[in-house]
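Only one structure is covered here, and it is reproduced in the block below.
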Amino acid sequence: MIINWVEILGVFFGMAILSFSFKDNPIYKFVESLYLGSAAGYVLIMNLNRAYTEGFLSLSKDPLLLIPILLGIMMYARLFKQISWVSRYPLAFLTALGIGVSTRTLIETDVLKQISSSALPLIVFNQGSFDIIKTFSNLIIIISVSTVVSYFLYSREQKGILKTSTNIGLSFMMIGFGTAVATSLLSRVSKTIGLLQTLIIVPSGIYMVPIMIVILILSVFPEKIGLKKKSQ
Amino acid sequence: MSLIIKRNIPMIITFILGLFMTFVYFFEVPSSITNIENTFNGWATIIGALVAGIGIIVLLRYNIRRIQRRRGDWIYSIITVVSIFIFPVISLVYGMKSSTFNLWFTILNRNLGVAVYGIVLFALTGGVYRAFRVRNINSFLLILSCFLVMLQIAPIGEAIWSGFPSIGNWMLEIPNTGAFRGLMIASVFGTLAVAFRTLIGYERGYLGGLGEEEK
Amino acid sequence: MDLIKKLQNIPMPVINLIMIASIAIPLVIPLGLPIKIDPMTRAAYNTIQNMPEGSVVIFDYGMTASYIIEMGPACNSMTAQMFEKDFKILFFSGDAQGPVFAENEISPIAEEFKKTYGVDWVILGFAPGGEVAITAILADIKNVFSEDFYGTPIDNLPLMEVVQNHEQIDLAIYTGGGGDRLPAWVRQANTAYGTTVIFIPAGGMIAYATPYYPNQAAGIVGSLRGSAEYELLTRRPGAAISGMDSLSLSFLYLMFLVILCNISVIISFIKGGKK
């Protein structure tokens, strides 16, 4: 019988992580620490490889690449309090690039085009007849955009008609946050569905029961096995 | 003199470079100037790759101190420290494009990663059970819109009533869009204000903490 | 009162166990509920269908272990659709895990459609730097990548002789959960160069992406539900469709938890014990 260690490990990791939903235990902590370290190590090696291939190896073709390499090394000065000011140079470079690149198209993308998308006809006719749903929808968009923007007007005291507008805006924001909560629940549930799919669906599902028993014993009764000292 | 080198020159660099990056987009400039802009952007990816090591050093420092002082669950810090070196060692011995690297990627990054992220739902379930209480009209609207969109997302919504997908779609495309559009428009002005203040040197947080004599 | 107290204090292991059951049971005993296609998903599909054969696509494959379950099926289905139309696809990622996931997920699809690496598709690699990296790539790909993910010099790849920058790119696709990256693609690709953009965002980003639809983003294929719809549209049923019944039951359970929590509050308030 060919033993698929990748599948067995996958099931073991899944069950170890799931055991946390019942009780914090040494097996879960072990697996969590393993992931934390290995993910960090993976990110490190990928980044260093990129810096090596695009930076150091390409120096002969483009000597100016010495500048970003030096700037990158200068960032490590942040770790030493006495010379942490050296890291301000690469930070200034990166901050300036980030600000320049993102803000130059910001107004067109997130203001002008959004306003033009919201400037909708107040009365809509569809093939000659009054389209109540489209009219109502357009009205909702116009009202919601304007009232939500009014919520963030801090240069004037919010009273009178402005107060009414901000209250309506707040209600629309709550509706928006409600949809955001629903879609983020979708995201979370999807991840758990994926986890259980790997555990339940054959062939890896075969390993589930024996691994589950082992983990239950190790996690629920760590004191009896000696994994954890008995609390006094 | 030291203040000029430690504080003023970085701020001047931010100002000049930030203005350069903005104006080169709005004005018709020779291709040599555009090439300078592209070069700077390419350099940023190299700097971004080099600075990944800082996070790892901080993580190592924290865990090694925990091991030295035998503080808390220090045993797991040993596992964290050892596992940081798994992928660097594999890549040095077998190479990054090898099947061994890919195998360990599948085991540790994919399978283990899918497992770790799979339990995030349970924290949310507890929060939903305890915190989603209707206290006023706004919290009611939040929960109502959440329910309607959930019934649009889940196929069972249509099985219960055929109108749920249409209503949920409408919630997503109309009031939600309106609300987030308003948020987007409002946040742009805040972003631009902070960006402008950073360029002219009023915001100095990006410099990473100024000493008393530098303020 | 005892019942209300019990309802308000169900132990978390019990709550979690029922959640696991609500997801696990439909995986074993499918309900087979029909899935309706969302207009935003259909718009994404139609955008690709209406593009001419041989179009060039840049795919920001921001896949991580966190997102492979949610958006992996949609990416695979979309890639299959594009390969069927002989699109040329350039994959890269702003996330370190992206290129390896691309290698593992896309290679079998490329083999299925008999696509040649270097001619029909390329994995450029990993490019950190956020929006600045996107700007750099769209301006000049060779400025950011001197070699591809496998170490082959860019100049040796036939596809890269044709594709230099945004002028040769017809479509940009972004998948991932990065809060800043999604609007960055709108700013740097659509606003700056007029490039068509399609998103395959994580669940948490769908609400933030909808304001861009349809004038700035041609389509949005959101999370696992969008993945299931895309699998249906491309007739490639897979893990996403099989997860929909679990999604239904787990969502019903979550709604029940909220109602349970609020009924007990209402009852306890009526009985004069506001807690």
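By written order: A, B and C. Residues from 1 in each chain.
Rule of thumb we're sticking to: a contact is a pair of C-beta atoms (placed from the backbone, for glycine too) under 8 Å apart; a residue touches a chain by one contact, two chains touch by 3 or more.
The model shown is predicted, which means the values in this text are computed figures rather than measured ones.
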{"item": "Most central chain, Cα average position", "value": "A"}
{"item": "Pair of chains joined by the greatest number of C-beta pairs in contact", "value": "A-B"}
{"item": "Gap in Å, rounded to a whole number, between the CA centres of chain B and chain A", "value": "6"}
{"item": "Averaged-CA centre spacing for the pair chain C and chain A, given as whole angstrom", "value": "13"}
{"item": "Averaged-CA centre spacing for the pair chain C and chain B, given as whole angstrom", "value": "17"}
{"item": "In chain C, residues with contacts to at least two other chains", "value": "12, 16, 19, 66, 68-69, 97, 127-128, 130, 132, 135, 144, 151, 192, 206-208, 211, 225, 247, 251, 254"}
{"item": "Residue numbers of chain B (touch at least two other chains)", "value": "25, 39, 41, 44-45, 47-49, 52, 105-106, 109, 112-114, 116-117, 121-122, 128, 143, 147, 150, 153, 172-173, 176-177, 180-181, 184"}
{"item": "Contacts with 2+ other chains: residues of chain A", "value": "18, 21, 42-43, 47, 50, 54, 94, 97, 101-102, 105-106, 110, 114, 117, 176, 179-180, 183, 185-186, 188-189, 191-192, 194-196"}
{"item": "Chain B - residues contacting chain A, complex", "value": "5-7, 9-11, 13-22, 25-26, 39-41, 43-59, 73, 76-77, 79-88, 91, 96, 103, 105-109, 111-122, 124, 128, 137-139, 141-147, 149-150, 153, 170-188, 190-192, 195, 198-199, 206-209"}
{"item": "Touch list for chain A against partner chain B, complex", "value": "6, 9-10, 13-14, 16-18, 20-21, 29-45, 47-51, 54-55, 64-65, 67-69, 71-73, 75-76, 78-79, 84-85, 87-97, 99-107, 110-111, 114-115, 117-118, 137, 140-149, 151-152, 169-183, 185-186, 188-189, 191-192, 194-196, 198"}
{"item": "Residues on chain B engaged by chain C in the complex (per definition of touch)", "value": "25, 34, 37-39, 41-42, 44-45, 47-49, 52, 97, 102, 105-106, 109-110, 112-114, 116-117, 121-122, 125-126, 128-130, 132-134, 143, 147, 150-151, 153-159, 165, 169, 172-173, 176-177, 180-181, 184"}
{"item": "Footprint of chain B on chain C - complex, ascending", "value": "10, 12, 15-16, 19, 31, 33-36, 38-39, 64-66, 68-69, 97, 100-101, 103-104, 127-130, 132-133, 135-136, 139-140, 143-144, 150-151, 192, 206-208, 210-211, 213, 225, 244-245, 247-249, 251-252, 254-255, 257-258, 260-262, 265"}
{"item": "Parts of chain C lying in touch with chain A, wherever the complex brings them together", "value": "12-13, 16-17, 19-20, 23-24, 27-28, 66, 68-70, 96-97, 125-128, 130-132, 135, 144-147, 151, 177, 183-184, 186-188, 190-192, 202-208, 211, 215-216, 222-225, 239, 242-243, 246-247, 250-251, 254"}
